[in-house]
């Protein structure tokens, strides 16, 4: 039995970690930290976890890190850097935030507007897209969870980048996102009344921070700079990202490359050619569904991926990585089927 | 490992059974039957189950019952009677429909409009409200799952009936129901466009068939006829019943009785006095939350219960009963935390 | 053409007033005031009003009250008292908040937790339930709009109070409310993610402030103290209150009394006996639908009313009252049909 | 006062026509026809229209066409051809279906799978995109309403086609659609439970019938064949299409062209450069909002349009055209502001 602590346990990704770990036989939640809600019982912060025997929420500084094997840091962007730097070396860390995703400090500063304060530590962080960094993750002390959009798009595109299958200068990704990606902070535009009958784009024009991850990963895969066009949209749904990628290439070859890549992956399902996934079919789970379609216009490919942003896009990915880092079976606690309806 | 068959696998309760059993280590799905969708792959009928290795849907008559230990019958009302009658005696049955809920054949005919065709078999059926019929269920060959509304209301009221805690002649239950209780049949008034901005009562005036269960159970508990007033309402939500019971009695005494009844139950949580549950906090799970409040008007009690109609109200209850019938731990496959948000 | 000002124009009831007045041929919006959003264009605060030629939002103190015939005050509770007291006498006021609803200063202090600061003015205020205070409203300088729940319940019950039709000591009202009644303030529990799959009661136990209105109005009608039991519930919907009243009396006599009361009312529709309304059928409109059902238990009556809390329950009611106060046709600008789906 | 008949009044576009015409001072609904619901009262088919004095639903053959000035045909595709052919010449027709949209009979047969049965009549039909065919519509006897997707995309793209502003060989349109576009037919995949937590693409690969309209209109505008790539997606919302067009060209020039085109249009609002619309801000109205954004990748343009598929995309457009055909003010009955929230 390994002891874990969850920092940022009053947010949605924190609660999702608790939900997942509650069904995991080799992990024990030793501490739950939250800033403004420290001192509260988890049953009052998240009543759906009432049946669990959980520690009271504490401040981060009161977490007994010396008894903890692994820390999940589900903190607002910017708060992990100094915190992780100051943890004992023996404590492993899965950071669900953005602080350690970008290997280039200059890129970090560009996208996040402030210099990185733990540059040496950043050099040791492994990018947390499990299916592509599995071995490095197993040996890492610090893993940087990907952005949820970044995960959805990379599952669709990574296998297509290296082999010349698609035009790398003309990649357009249109995302339809559930609202939980925005977190639990009380904001006017995230009220039920504002979102329940509205569909709108945001961060248009190439300003979304997850572009930093795409630039880093796709350029590295291609061996030359690759920039994609990427626009997320908010839809009236809680969980789920549907990423529609508009590409130029041969659709059947793309489908074959995806099938080949994911053939033995437990969590990634490539649908039969021509079938397209829906977010409703992965909600509440660690699965990712991918579909490929051609178009009446020859040379066009549409690749669509669907995943649950809170699970496969964040907390499920984090647990999958923690399993590897702790020497446990990768799929442990993660095989629950999606919930539908 | 026990072999089970699910009849009616193309409906929501059928799919929920598959989802739950997929995480159960001692049950194997040997057959899935569905009428109009026989011949289809489950992945095409319910894409969220695509990752599972499941048998193709067949007709009921093609199920190899001789290899099956237990049958879950999730069929439209009326179809189970003859079917179960003709099964080999060694096959245990959990019926999720209404066919065997009412012990009195006359009551069955009154509420369901046709005579029962398996009256002898009916005499042997055990009512499937696990927390109150646990020993009988463990020894039963045939268990009749309760109505989902019937479960929600009984969890709130049963402990209050026998001891003179409430006025038995003045029980009003107002339910707010998610739409999945209506099943997957394509009906105009269940379209997204019809339900998504509407809240409406239905089966008003004491015409809902689940009243037959209330009459049977509450009268039996009280030792004299008890009739409750009961009106369900449809709200724009998938899963969940919130049952608000308006009672006359002492609120703290009622709370104490509920606490005492459910103290050691794994799935029923009685909230601190004055706290009221929400359906969002039990969705996707086998848990039931119950809250009690007094009123500014002395002598009034409000008891509110929340459960997921597809899980604790139907398929989760069915699995809980099947575990008992097969000598397995009662909670096996059922301890997953609710999904929120 | 009459000039009106809307104070609190950045909230939902403020925007609803603008929407309604935009289709009114005899009113002109001379000023829009909002506290924290003063200085902004309405098109940026409410993009759905972009096509209208509206004044910029200002602070209340910058409204040119000398050019205004009538003020709609859609302010948070407590802010109207001193403000209205200090307005020129010639300016008429419709207050959509709670400040002037309760005629008894002691009752105000009980329910709102602070003494009233404009007691003399309060004595002149007319309660704004148009269908029952029509003549007084036409002659009033200050009209106090009702609570939205208070409107929904009173439409269902007022005609039944005076004639001995129902047991006045046993009135239970269970409400299912859309979320816009909670306003536009950014609160965690009103986020889309929190509300979209949850149904929960609130203000249970007789603590909701609208009870002050019920006590005042029903006791006055009955000529003796009347207290009702009243619990609202939040459902995943934007607009609409469904008020289910559980009563004791003769259902057909109640239906006849409601039919008689509302026979010539343009906005209140009493459905055929046994039919029950839904909130989806009044959304976006100033209509109220009322249905009556008996029960299998003799002597029980269920009266259900449905209205749009933002329109008939607040801003539509306010405009209806303003029409009367300004000598305009009562229904002007208010006859638009509900939006469905 | 002109008499109109609505054929297909039991569907969503039929009900929307009734809603709009109820607020129109120069039109009178003389007949409502519906196939399977003939004989019913409109209040039972659409309870939100209960307050209106409407004719009973009849069969089409019982409509007194000799007293009717204009017919709105909101029928399933294929049923209008013979029907309109056999109407008296003096009766004007706005067809909301697809039967007369495609001028080339071969194109019709390709997209709709059957030969056109009223080819001569088709030659006289005017395409109903009011803002671009205004004069022809005013003089037409038969106007063919556009597809709702076709309207949303054409408002975004038409002004950009002729002037060489964008690359005509690389137009990608990704749509997010509310469910009412699928109509009121009871289909399993349109149930609330199926749609409320799912986002999925459909008609992928260039198979959607509205492509026939795009091919016809854009090729005609360009003077050479133009084919666009177009994929709609279903989102959990009732009303609204958000059309995101990914283009190659100069974003500011595109914005200027759209501003210039729509400057004096009453229903089309072009947002400030860089601002993007949402469907929530046009719901229930005849307005269309259009936004333009550049991208970090130079030479990319994103044009986004939002409209209500039932109103501006169908019934509102139909009424706008009917106004022109009958010599009434074009905006009559159509200026109501959108409903938000």
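A, B, C and D are the chain letters, set down in written order, and residue numbers restart from 1 in every chain.
By definition in this document, a contact is a pair of C-beta atoms (placed from the backbone, for glycine too) under 8 Å apart; a residue touches a chain by one contact, two chains touch by 3 or more.
Small disclaimer: the values here were computed from a predicted structure and weren't measured.
Enquirer: Select the chain at the greatest separation from subunit B, using centres from the mean of Cα atoms.
Expert: D
Enquirer: If I rank C-D and A-D by number of C-beta contact pairs, which comes first?
Expert: A-D is joined by more C-beta pairs in contact.
Enquirer: Roughly how many whole angstrom separate the Cα centroids of subunit A and subunit C?
Expert: The computed centroid separation for subunit A versus subunit C comes out at 45 Å.
Enquirer: Between subunit C and subunit D, what's the gap in Å when you average each chain's C-alpha atoms?
Expert: The mean C-alpha positions of subunit C and subunit D differ by 36 Å.
Enquirer: Just the number, please: Cα centre separation of subunit A and subunit D in whole Å.
Expert: 39
Enquirer: Could you list which residues of subunit C touch at least two other chains?
Expert: Within subunit C, the residues that touch at least two other chains are 12, 180, 193-194, 196-197, 236, 238-239, 277-278, 280-281, 283, 340-341.
Enquirer: Going by the contact rule at the top, pick out the subunit A residues touching subunit C in the complex.
Expert: 12, 179-180, 184-188, 190-197, 236, 238
Enquirer: Name, in rising order, each residue of subunit A that touches subunit B in their complex.
Expert: Touching subunit B: residues 12, 15, 18-19, 22-23, 46-52, 180, 238-239, 266-267, 269, 271, 277-278, 280-285, 287, 289, 335-341 of subunit A.
Enquirer: Provide the residue numbers of subunit A that touch subunit D in the complex, in ascending order.
Expert: Answer in residue numbers: 170, 172, 174, 176, 193-194, 196-202, 204-207, 211, 227, 229, 231, 233, 235-240, 242, 244, 246, 274, 276-281, 283, 293-297, 300, 302, 304, 306, 340-341.
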